[in-house]
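What follows is a group of structures, each given as structure tokens.
Consider the two complexes below, in which chain A is the common component and chain B and chain C are the respective partners.
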Partner chain A sequence: MNLILEKQALPGLLQSWREQYDVYVPQKMERFSHFMPLTEESVLVTGEPHNTRIPPKALFLPMTETLVKFTRFGGYEDAQQNVQPRVVFGIRPCDAQAIQLLDTSFIQEGYTDPLWLERREKTITIGLGCHQPCHNGFCTTVGYGPFNKSDLDALLTDLGDTYLVETLSEAGEACFQDLSPASDDIYEHALEIQQIAHDQMPVAFETENLKEKLEQNFNSKFWEEVSQSCLGCGVCTFLCPTCFCFDIVDETQRKQRVRNWDTCMFRTYSLEASGHNPRPSRVERTRQRLSHKFVYWLDQVNQIGCTGCGRCVRYCPVGIDIRAMLRQAQTLPFEVSHAV
Partner chain B sequence: MPDLNAIKAEAKRLLAEGVVEVVVAFKPGDTPLHPQPAFFTNVDEVENLVYDGLCQNNLATFLTRLPKTKKVGMLVRGCENRSVNALVVEKQKSRENLYLVGIPCEGIIDWRKIVERAGEAVLAVNENNYVVEIETRDEHFTFSKNELLHDSCLRCVHPTPLSADILIGEALPEGNLAIARKAVEEFEAQTIEDKYAWFQKEAERCIRCYACREACPMCYCTECFVDHIEPRWTESGATPAGMQGWHIVRAFHQTARCTDCGACERACPMDIKMTYLTEKLNHDMINKYNFEAGLDTQTLPPFATVTLDDKNRFMA
Partner chain C sequence: MQSEARSPYTPIPMHVLHAYYESTDRSLKTLELSFDHAADSQAFFQVFNPGQFCLLSVAGKGESALGVASAAWEGDFVRFTAQNVGSVTSALHALKAGDALGMRGPMGNGFPLDDWKSKNLVIIGGGCAFSTLYALTKHVHHEDHRGDYGKLTLVYGTRTSGLCMYKHDIAAWHEDEDMEIHQAIDVPEDNWLHHVGYVPDVVRQVAPSPVNAVAVVCGPPIMTKFTLPALVDLGFSPENIFTSLEKRMKCGIGKCGRCNLGPKYICKDGPVFSLAELNALPADL
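Right after this comes the complex of A and B.
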């Protein structure tokens, strides 16, 4: 359904959802925005910056969460998650797409992560399209876009004084049930805005044959060149909406088993108990980060594991730019594979 | 601004004459706000060298990542030179294997202050004579450089490298220690509750990415205390105890080693303030021991020395 929402009516609508749901909206924190629970005083951020600094994956896979609590005499009990039904409003299409990508990893027959699943099932995601494309993002390059609808229950398009609301599921419809329908003219106008935004996104690099080039140049000097200035911190991966690695740790003093975000960029990530490290330097770790997104995701689910949100580009402390790395990768030699 | 051509000429000479094997400096970033640290090994590459106020990293952090015996040329500003000296004091590099190209520093621009004022879509930044012109998708901005400087640079005491092998440009006047101390004094003037609230608010935004650690030249331990499993020194997760533990211990490990370059804060993806802790320790070391890190390549930090005639009783 296509509905029309007056911008003035938005705060009231958000507040009304609080009767049934925990509502998360991007709000200002320091110099950036962050998904936080809506309160009466909350001020919504809908313009710049487009994306929250921490991607909404954190709402489904928290930085740290307790899995198990140990009890006396060798017993244990599962930690209670206590997730209420909730609405996440203002999620950008790149970040919503990332959640869909993460589903392929966390929700698999026989290997479903119950904590992820519970949060996913209890969450309604309402997207806000990017009519003014963000700087350094490259969603269209990786096959998605500023009005990508994947994994959203509704998508909003900014039309000036109003939003066009496209509901994409029953849950989404229920959230906007009191709104009046949008006329065909308004809908056409919104589609035009969406198309213009899509066309404004530059092509950051070519994706054709990229996978083959990265695979075939596994031992290339290229990896040394692009990783030279890498500090080995976790900024690019922790702020990445599709990075999902975690580490399970027993916090014995707290009598808890927890899982924390982890990253392939850390030395300890691949360090083995023997002391051997199969990825001994930043060269191998950088190769892993890029290859996971542009080779292994494709092998596993036939999708690029990057949604082009641009966070790694914006916040890398040494200015490493994944787009430039991949442009350089495109100049590497390769042979066309004739896989059956 | 120092003459870029003079920097390039010196870098080329160092490589051509075999004085060094690599020159560590900056190259243009792929976005205008982020020039990248670069490692030049031949003369032709040096054409690509850049230097401006947006070069935000402390290059000395790469010193301990290069082989110890490698002859390294490095572009250094006042704080970087002191970090290099502190590393030499800690025997992480011998001074003979180093050639420091000194740049009297007019301060490092905090790119966040640009984004805050001009928005995300920055297309070009031009800096000239303490004036910064910014071109964005929709607008043109002009700022005084001082308005955009990183907080550490606003209180810098030693902008000119103290022991560079060559200085490109005229030495700048030393800063004022009394002004430098102001930030610490203001923080200290708060009540203990306010100070703790501030610390909590800053530390608890942490995502444990350790960009501050990696950006810091003095954090060169092969195994950081947070990565240590037996015994565990601090909680592993992004919990209040874990985050506070990290920030407290990180700061204390910098005692009499920190040069207040501010690279930790500039690297932080969560805009966490950290230098208020290390600056407090820096000023304590000045007041109690008359010691500043990295002023020379010989003097050990007070906490790294021990003598049998120590006036404290525990040695008696």
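Right after this comes the complex of A and C.
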């Protein structure tokens, strides 16, 4: 269903959702924006042409969360989480796409993560399309786009004084039930804006044969060259909306076992008790990061595991640019594989 | 396998039934664990397959992935042998009979026993990685299963005779005409009656026939690295050579990311892979 929402009416609408839901919206935090619970004083940040610093994956896979409680006599209990029904408003299409990618890892028959599943089931996601191209983003390059609808319950298009609301599920419809329908003219206009935004996104690198090139050059000097300036800080993976690795550690005093975001860019990530490390240097670790996104995700679910949000480019302290790395990878030699 | 009632991250309660040193240098200790609840035991043995592993949990220390070293027919307990190398395994070494601990599992695929039926088995182990092969041998050697398989050949190497595990059974197997067993140590010792040398060399010397046979190799990476080509040279096809891999693990269910070998997770898609499968994956070990 296509509806029209006056921008002036948005704050009131968001507040009205609070009766039923915990509402998360992007708000100003220091120099960045961040998804935080909506309060009466909250100031919504939607006009910025860039995304929140921390991706909304944090709402589904918190940076730290308790998995298991230790009981008094050496036993273990499931940690109880208290997730209320939620609406996440203003999620950008690249980040929504990332949640869909993460679903393929966390929700699998016989191997479902119950904490992830509960949060997913209790959350309505309302997307805000990107009518202005953001800096460093490259969503169209990796096959997604600024008005991608994957995994959203509704998608908003900024039309100046109003938003076009495209509802994409029953839950999404329910959130906007009092709005009046958009005329065909307005819808056509919105589609035009969406198309222009899509066309404005630059092609950052070619994806054709990229997987084969990375696979076949597993032992190439290329990895040394592109990892040379890396500090191993891990920010590219921490802020990546599709990175989901976590560590599990025991907190003795709190009597609990927790999981924390982890990163393949750290030495200890894969370091074994024997002292052996399959990825002993930043060369192997950089190779793992890129290969996971542009080779292994494709093997697993036939989707590129990068949604082109541009955070790793924007926040790398030494200016390593995944787009430049992949452009360089495109110059590597390879043979066309004749898969039967 | 996932039970509806419990989070896959929550261990089931277990108790130590027996704890004893396995090696003369006390670096290896075997724990036999019993289930606190019959339902957990039932759920475990419903799915357990030799070659699978569990995560043993010591509250406050963490979890450690260990291969199951017992066969289902042995009784209502699960056996593990832990080398004392880190903080969790050192806590495991401190456990005595009656102590409580947690366990998650069984995890991973285990050995493809159905595919191996009617074939000759060549089982090659080195060091403490022999544990799951011990479970495999115990399973296959049991009278209920022995008829399903052909000739049984065992090669087991350790650095010293003192590091040889499961000595009681190994000694009995030497007497057993039903199987061919070749034991090896790395350096000569007085009164040692078996092979002296590294496992790959012993395998070449023993030269098991590849005809209607599968070979399964578990050992330290350096042993596996040289044993796999030795088997290829003997005529085993990559589809008939199997190995069990290890990497650092946390979750055990393919979520936490760290044990990936290309697109496969060793914990969930492995730990048992054929050489043919490994040849198609990146050498990221």
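What we mean here is this: the second predicted complex is superposed on the first by the 339 of 340 C-alpha atoms of A that agree within 3 Å, B and C clash if a C-alpha of one lies under 4 Å from a C-alpha of the other, contacts with A are read in each partner's own complex, and residues count from 1 in each chain.
We adopt the following convention: a contact is a pair of C-beta atoms (placed from the backbone, for glycine too) under 8 Å apart; a residue touches a chain by one contact, two chains touch by 3 or more.
In this text the structure is predicted, and so the values were computed from the model without any measurement.
Q: Looking at the superposed three-chain arrangement on chain A, would you call chain B and chain C a clash or a fit?
A: fit
Q: Answer with first, second, both or neither: which of chain B and chain C does A:17 touch in the superposed model?
A: Touch partners of A:17: none, neither chain B nor chain C.
Q: Is A:270 touching the first partner chain B, the second partner chain C, both, or neither of them?
A: It touches chain C, and chain B stays clear.
Q: Classify the contacts of A:320 with the two partner chains as first (chain B alone), second (chain C alone), both, or neither.
A: The first partner, chain B, only.
Q: For A:291, select first, second, both or neither according to whether it touches chain B, chain C, the two together, or no partner.
A: A:291 sits against chain C, while chain B stays out of touch.
Q: Touch test for A:110: chain B only (first), chain C only (second), both, or neither?
A: Touch partner of A:110: chain C, not chain B.
Q: Let me test your reading of the model: by the given contact rule, A:75 touches which partner, first (chain B), second (chain C), both or neither?
A: second
Q: After lining up the shared chain so the two structures overlap, which partner does A:334 touch, if you call chain B first and chain C second: first, second, both or neither?
A: Neither partner.
Q: Can A:249 be said to touch chain B (first), chain C (second), both, or neither?
A: A:249 contacts both chain B and chain C.
Q: Could you give the angle made at the Cα centre of chain A by the lines to the Cα centres of chain B and chain C, to the nearest 10°?
A: Rounded to the nearest ten degrees, it is 90.
Q: Smallest separation in Å between any Cα of chain B and any Cα of chain C in the superposed model?
A: Superposed model gives a least chain B-chain C C-alpha distance of 6 Å.
Q: From the superposed pair, tell me which chain A residues show up as contacts to chain B and also as contacts to chain C.
A: Overlap of chain B and chain C footprints on chain A: residues 247, 249, 252.
Q: Using the touch definition up top, name the residues of chain C that touch chain A in the complex.
A: 1-2, 6-13, 57, 59-63, 85-86, 89, 99-102, 221, 246-248, 250-251, 253-258, 260, 262-263, 268, 282-285
Q: Within their complex, state which residues of chain B touch chain A.
A: Against chain A, the touching part of chain B is residues 29-31, 33-39, 56-57, 61-62, 112, 115-116, 119-122, 137, 205, 207-211, 213-215, 227, 232, 235-239, 242, 266-267, 269-271.
Q: Can you tell me which positions in chain A touch chain B when the two form their complex?
A: Where chain A meets chain B, its residues are 29-32, 48-50, 53-54, 63-64, 134-136, 228-229, 231-235, 238-239, 247, 249, 251-254, 258, 260-261, 263, 266-268, 313-321, 323-324.
Q: Give the list of chain A residues in touch with chain C in this complex.
A: Of all residues in chain A, those touching chain C are 67-68, 70, 73-79, 105-106, 108, 110-115, 215, 218, 244-250, 252, 255, 257, 259, 262, 264, 269-274, 276, 278-279, 284, 288, 291-292, 295-297, 299-300.
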